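In the two assemblies presented below, chain A is common to both, partnered first by chain B and then by chain C.
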Partner chain A sequence: MDKPGIKRRDFVKMGLLTAAASALGTGVMKPVGLWAATPKIKGPIKVGYQAVLSGTLAGYGEFHKMGALMALEEINAAGGIAGNKLEMEVRDSTLAAPAALQNVRYFVDSWEADLLAGVDSSGQALAVAPVVGQLDRILMVTHAATEKLTEDEVFKKGIKQVFRICTPTYQDGNAAAFVAKDLPATTWATINPKYEYGFTTWNMFQDTLGKLKPGVKFVADSWAPFGTTDFRPHINTIMDAKPEGLYSVVWAGELITMMKQAQQAGMFDKIKYVLLPVGAAMDVLEGLGPEMPDNIWISGRYFFLYPDSPQNKEWVANFRKRWNHYPAYVSETAYSTMFAFKKAIEACGSKETAQLITALEGMELDSPAGKRVFRKEDHQAMYDVPWGLTATDPKYPFKIMGKQVVIPAKECFNRPPFEGDASKPPFKS
Partner chain B sequence: MKSNWKYIIVALMLLVLIGIGYFSSRFVLYLAMKIMILSIFAMGYNILFGRTGLLSFGHAAFYATGAYGVALCSMHVHTHPLVGIMVGIAAAAFLALIIGFFCVRHTEIYFAMLTLAFGMMVFSLMWNLRDITGGDDGLSGIMRGSVSLGFLKISITKDSQFYFLVLFFFALSMLLVHRIYQSPFGLVLAGIRENHVRTEFAGLGVKRYRLAAFVVSGAFAGLAGALGLLLESNVTPFAAHWSHSANPVLVSLMGGLQTFSGPIVGSIVFVLLREFIERFTHNWMLWFGVILLAIILGFRGGIVGSTTQLVKRLSKVS
Partner chain C sequence: MMESLVHVCLAGISAGMFIWLVASGLTLIFGVLRVLNFAHGSFYMLGAYLCYTCLKFLGIDFWLGVIVGPLAVCVVGYVMERYLLRQVYDLELPYQLLLTFAVVLIADELVKIIWGAGSIGSPTVPGLAGSVQIVGRNFPVYNIFIMVIGPLVALALWALLEKSWWGRIIRAAASDREMAAAIGVRVPSLYTGVFVFGAWLSALGGALAVPYVGLLTTGMGEAVIINAFVVVVIGGLGSLKGAFLGALFIGLLNSFGTRFIPALDMFLTFILMGVVLLWRPQGFFAGVDR
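On to the complex of A and B.
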C-alpha cells in the first residue's frame, strides 16, 4: 500500500532522537532561580488573587473582589506599601483544583506576583499548598476552612508559605459544641453536606460536645450531596428521629433552600435548638430575609455587627458607601489580607518570601473583625467570631445576630502539635 | 515530496518542544506539559472516536484511575515514578476492559450513554471511598521520586526536569498511535467505523476489535492521568467527572477527527486559547464557548482537516 504519510522508519528514528534528547535534558543543569531573586522592595507589589467567579457560587467571588479592591484603593490612596504601589489581578478559581493550580503558576511564573491570596474550596487549598511551597510565595487563604491545611500542610509538612486569615472548621465544629453544651438539648442530629467539610465538622462537633457534656446523644445524620435542591427527604429523616437539636453546615444557596423547606415542613416547631455554623453569611441572611426564623443559632467567619468597635463600624459604613452592600465575610477576609500584607512588608522592609514568613508569624493585625494574631506554629489567624441568635431588627431588611456569645478562639481552636486529645478542646488552661 | 513535508513538520515540532524544555520559563513549560498530557489523552481517545467511530463520554474515569493509581502506588507501595505510571496504566486498562466489555455491545447514543453512566459510577465511587481516595479533597502533595534505572538515577523533582519525562511519553505515544493507525488492527477499526456489517462478514469479530480499541484508548487515558498527577501532585474525584470526559471529545473535534495530528493541534488551541482569553476577561467561559463553537462549525473536518484540504486545493490551482 502506498502510504502518503511519513515512513514508519522515519518515525521510529525521530522517536529515538526525542527519547535521547529527553534523557539528556534531565541530566543537564539549567539556570533556574532568576525569578527567585527579588531585590529589596523595588517596583510595585503584586498580589495574585483567586476566587470563584463562575457558576452558582459566583456571588462569593464578587464579594471577595469588593473587599480586596477596596483595600487596594485605600492603600494606594494613602501612598501604597512602603512607597510602592499595590497591584492586584483577580482570576477565576472555578472551585476546581486544576484551575487553582494553573492560576497559582500563572500568577507567580508569568505575571510575577509577589504574594498570593484567595482560594475558596478545601480541596483547592490542599492541592495548591505544596505547589505554593515549591514556587516559594506567600499564600493567604481567605475562605477555605479545612483544618488539614494548617495542621498537616503547614505544621506537619512544614509548608511555611501558607497562611490563613479566616476561621477554620474549628469555628464550625468545636465552637458550635461550646454553644450546644449550654442548651437544654441532649439529643442531636444533622443534615450535613456529603463531602469532607460536612463529615469533618460533624465529627468535630460530636467529639467536642461528647467531652463537654457526657451523656449527650447523636441520633441521626442525613447527608446531602453538593447541588441538592430537594431537602425534604433529609428533613423527614431528621424529624422521624425526633432530636431536640439540629446541627447543619449546609451553606450558601443550599442553606436558603433547606431553611425554606424545613419551615414548610414545620421542623422548627418540633426542633427548638438549631445550630447553623455558616448561617451568618450575608448571602444567606439577605436571601432568606424575613423567612429566616427567629432564635436560630448562627455564626460565620465574620459578622458585620461584631465587634462593636469604631474601626469595624467605620469600615462597614465605607463598604456600604462604596458597594451599596453589607460586607460578606469573604469581603472582610480579603480586605484584611491586603492590610496584613502591608503590615508584614513594612515590618521587614522586604517583599521576599522568607522574610515575610518571619514577619507574618506571630504578627498582630488590627482588622475590622477585631485583633488577629497569626499563630506561629500553624499560621492560623486567631480571632474571635461570635455565635448568636437570629433576631428581627426594624433597621435591617434581614435577620441579624441578636444575643451574642463569644467562644474565644484560644478555647475552641485545636492546638499544636495536633495529635491526641490534648490538642483538642476543652483545654484545662 | 509530500512525505518529506510531514517529516519536516514532525521534526520541527519535536525540536521546538526540546527547545522549550531547555530555554523557556517555568510557566511556558507548565503549559507545554499540560498540552502534551491533554494530547496523549486525546490521541488515545481518538483511536476510539475518530478511528472506530464510537463516542465515549466516560474516558475521564480512566484518566482518574491512572492518576489515583500513581498516587496510591507512590503513597503505599513505591515512589518510583515509572512503577507508578505502569500501575496507573495497568489499572486504567483493566477498568477499561471491564467497562468496555459491557459497553461495546452497543453503538452510537446507547454506547455514549452507557459509558457516561459507567464513568459517573467510577466518579461516585472515588467520591465515596473516603478512606482510600480522600473523598472530595482528593489526594494531594504526592511528590515525584527520582527515576532510577538501576545504573543511573534521574531526578524529576523540578518542572524543568519532569518536562523531559512528559516529552518522552508524548513522543512515545505519538509513535504508538501512529503505529496503530498503520497496522492491520488500525485498518480493521477504520473498517468497523465505515461499515461494521461488512467487517463482520469479512470474518472479523467486531465486538472484540471494539473492545480492544476501548482498552487501548483507556490505557492512553490512564497514561495521561498518571502524568497529570505527577505534574499537579494532586488528584480529586472531579478528574473522573463527565465534564472532564468532554475535553478529549472537544479537542478531537476541534483538531480534526479523521486526522492523526488533529488531537494534538486541538490540545494546543484548547489550552492556549483559554489561557489567552483569561487575560482579558473574567467571563472567559462565555468567550471560550463562542470561539469553540465557531471553530467546530466553521472548520469542516477540524482545523487540521480543513487546512489540509485548503492546501490541496491551492496546490491544484497553482
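On to the complex of A and C.
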C-alpha cells in the first residue's frame, strides 16, 4: 500500500501545535477539536486484536476482550484518538501459530487494520513477529512472555514493529530468584510446563539464583505437557526428591488442578517454600478460593491491588462496575495497550507505522499497573509488578497478596545488548 | 523407593479408572452402532458441568449431582441419536465423523454461553476431601473411591451384557443387525438405548471427575477423549474387557513414564498404540468377548 510519508516541516508544525495545546491546558483547547481539523489522520483508527477464545483457556480471551473493550468505550466517549473513532475487531487466536498468522494476514490485508495487538502464547509471538515486520504494522503483545521476542526478534533482528506491554519471563525467572535468595530453602525443584515457557523460566531461575546464592541445589524437575489434568505422577517425582522449595510456572486451570492435587498429597506440609510466578492470576485465585494455601509466593503481570494509586483504584472500581469481575492481568494489558496507542498516535499525529515506532520508543505511559516506559532498544515495557505471600482477607472470597516485595524491573529485567552475563542480573549498578 | 513405587502405582490405577469410565461408553457405542463418536468427550464435559451446577446453584448434594447430571446428559444423547446420527448410519464414515465433530463444537459454544468461558474451580466434596497415609505419603480418599467404582462399573457392564436378556439382544444386534431385525428385535430403538447408555457412562465419568480434576473448562472433554480413543484402539474397538485393561495399562504407563522416563512421557502411549496397530491391528482383545 502506498501511503505518502509525513514531511519534516509538517512534523515540526504538529509538534508545536501539541506543545501549544498542552501549554494551554485541556480546559482551554480540547485536543479533540484541534486534531479533528488535522487532515493527517484519515478515517477511523483500526486495531486488530487477537486472543485465545476457544478451548480450555478461552477464559483468558474473554478477559482480554473486557479490558480492550472498556478502553475502546472510554476513548470513543471522550472523542476518540486525535478526533478519530477507535475501532476494534477481536479474533480467536486459539493457541496455534498458524491461526495467529492467519489472523494477522486477515487484519492487515482484508480488514485494513492500522495496529495489531494481543497474542497469548510465546510460540505464536515468535511466529508472528517476522510477518508483522514484513506487513509493517505495530504489534503490541499483551500476554506472550518469551524474552526471545524482544531480545532476538526486536533487538537483534531489528523487527521494530513489535512491542510488549506485559512483563516478560524476567518477572517469572529472574525476579523469582531474587525472592528465593532471601528464603531459607537451599534445595529447589520444579513442576513446569513441558514447552518453551517452562524450559526458559526454569533455566533463568536456576541461573540467577545460582549467582545470587551460590551453593543452592536444584534437585528435581518434572515436566507437565500442555493439558495435564493429573499431576499426581509429577507430585510423586517432586516428593521423592524432598526439596525445601518448589518453583512452578504452571498456569491458569492447570495450576488450579496442580494446587488441589498437591494439597491432597500433603505436599505443602513437606515443602514450605513455594514460588508461583503466575499464581496471582485472577482465574487461579478465584478458582482456588479458600483452597489456595496461605504463605505461597505469587506474582503475575499485574495484580489489581497494586499499585495503591488513585488511578488503579478508580480503574478497578470501573472495571468491576462494567463487567462484575476483578480485572485479570490480561484485562489490564489490553486496556493499557489502547491508551498506549492513543498516546503514541496523538504524540506523532499519525497512524503510520514508522512514526508510531519513534513515538512509542521510550514513551512513558501512566496506566493502572503504574508507570510504564517502553525501553528503546528492545521495546519491552518496563514496570514493576510485586511478588507477595498469599493471605486470607475477609473482604475477598479468594486469597490476596499479603506481604509484598517489589523487585524493580530495572534490576531484574535483562539488559541490552543481551549478550553474556553482563546483560543478566544481578547488575552492579 | 517403596513409598515412591506404591504411589506411582496408585496414581496410575486411579487415572486409569477415569479413562475407563469414558472409554467404556465409547467402545460400547462403537461395538453396537459402529459409530466413532467424537462427541463422547462432550458428554463427559456436560456431565461435569451439570453435576457442578447441581452442587453450586441448586445447593443439592454432590451425590445427587452425580445422579442428576448424567441423567440430563441422557436426554442430550437421545436427541443426538434420534435426530442426528440416525440420518447418517448408512452413509460413509467421514459423514459420521463430521457430524459428531460438529456436535463437539456446538457443545463447547453452548457451555461457554451458559457457564462462561473461564475455568471454574470446583468445590470440595464434603466427606471425601480427606487423605489417608499410605506408606508415609498422603493419598486422597476420593481416588480410592474411584478405584473401587471403576471395577464395579466394569462388573455391572459385564453382568448386563453377558448375563441379562438385554445383553443377549444387544450382542445379537451387534453381531448381525439384519438377522436381529428379522427375528423381531427393534434395532432402531435398541440403538437409541445403547447410545443413551454410552452417553450416560461418559457423563458419569465427567461428574465423578469434578472433585478429582478440581476444574471445569470448555474443551475439557477433548483432553479426555484422546486417551479414551487410544484405549479403545489398544483394547480392540468394541471390546469392553480390552477397554478396561487398556485403560488400566495406559494409566499405569503414564504414571510410571512420568516418574521414571520423563523424556518420553508424552510419547509412550502413542508408541504403544503404534506397536499394537502394527502387531495386532484388531487390538488386544478384539473378538474375545463377542
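The rule is short, and it goes like this: the second predicted complex is superposed on the first by the 390 of 429 C-alpha atoms of A that agree within 3 Å, B and C clash if a C-alpha of one lies under 4 Å from a C-alpha of the other, contacts with A are read in each partner's own complex, and residues count from 1 in each chain.
Here, a contact is a pair of C-beta atoms (placed from the backbone, for glycine too) under 8 Å apart; a residue touches a chain by one contact, two chains touch by 3 or more.
Model, not experiment: these values are computed from the prediction.
When the two complexes are overlaid on their common chain A, residue A:Lys85 makes contact with neither chain B nor chain C.
Residue contacts after overlaying the shared chain place A:Arg322 against neither chain B nor chain C.
After overlaying the two complexes on the shared chain, residue contacts for A:Tyr106 are found with chain B alone; chain C is out of touch. More residues of chain A are touched by B (comparison of chain B with chain C). When the shared chain is aligned, chain C comes close enough to touch A:Pro233, but chain B does not. Contact with neither chain B nor chain C is seen for A:Lys156 once the two complexes are overlaid on the shared chain.
When the shared chain is aligned, chain B and chain C each come close enough to touch A:Leu53.
In the superposed pair of complexes, A:Lys181 makes contact with neither chain B nor chain C.
Once chain A of one complex is fitted onto chain A of the other, the partner contacts of A:Arg415 are absent, as it touches neither chain B nor chain C.
Contact with neither chain B nor chain C is seen for A:Lys211 once the two complexes are overlaid on the shared chain. Of the residues of chain A, those at positions 53-54 touch chain B in one of the two structures and chain C in the other.
Those residues of chain A that touch chain B in the shared complex are 3-8, 10-12, 14-15, 17-19, 21-23, 25-28, 30, 32, 35, 53-54, 90-92, 96-98, 101-102, 105-106, 109-110, 122-123, 126-127, 129-131, 146, 148, 153, 157, 195-196, 199, 226. Of all residues in chain A, only 53-59, 61-63, 194, 222-223, 225, 227, 229-230, 232-234, 236-237, 239-240, 252-253, 256-257, 260-261, 264-266, 283, 286-289, 291 touch chain C in the complex they form.
If you check the complex, the residues on chain C that touch chain A are 3-4, 7-8, 11-12, 14-15, 108, 112, 116-121, 124, 131, 137-140, 142, 213-215, 217-220, 222-224, 254-259, 262, 265-266. Note for the complex: chain B touches chain A at residues 2-3, 6-7, 10-11, 14, 17-18, 21-22, 25-27, 30, 34, 127, 130, 134-138, 140-141, 143, 147, 154-156, 158, 160-161, 163-165, 167-168, 171-172, 174-175, 178-179, 182, 232-234, 236, 238, 260, 275, 278, 282, 284-285.
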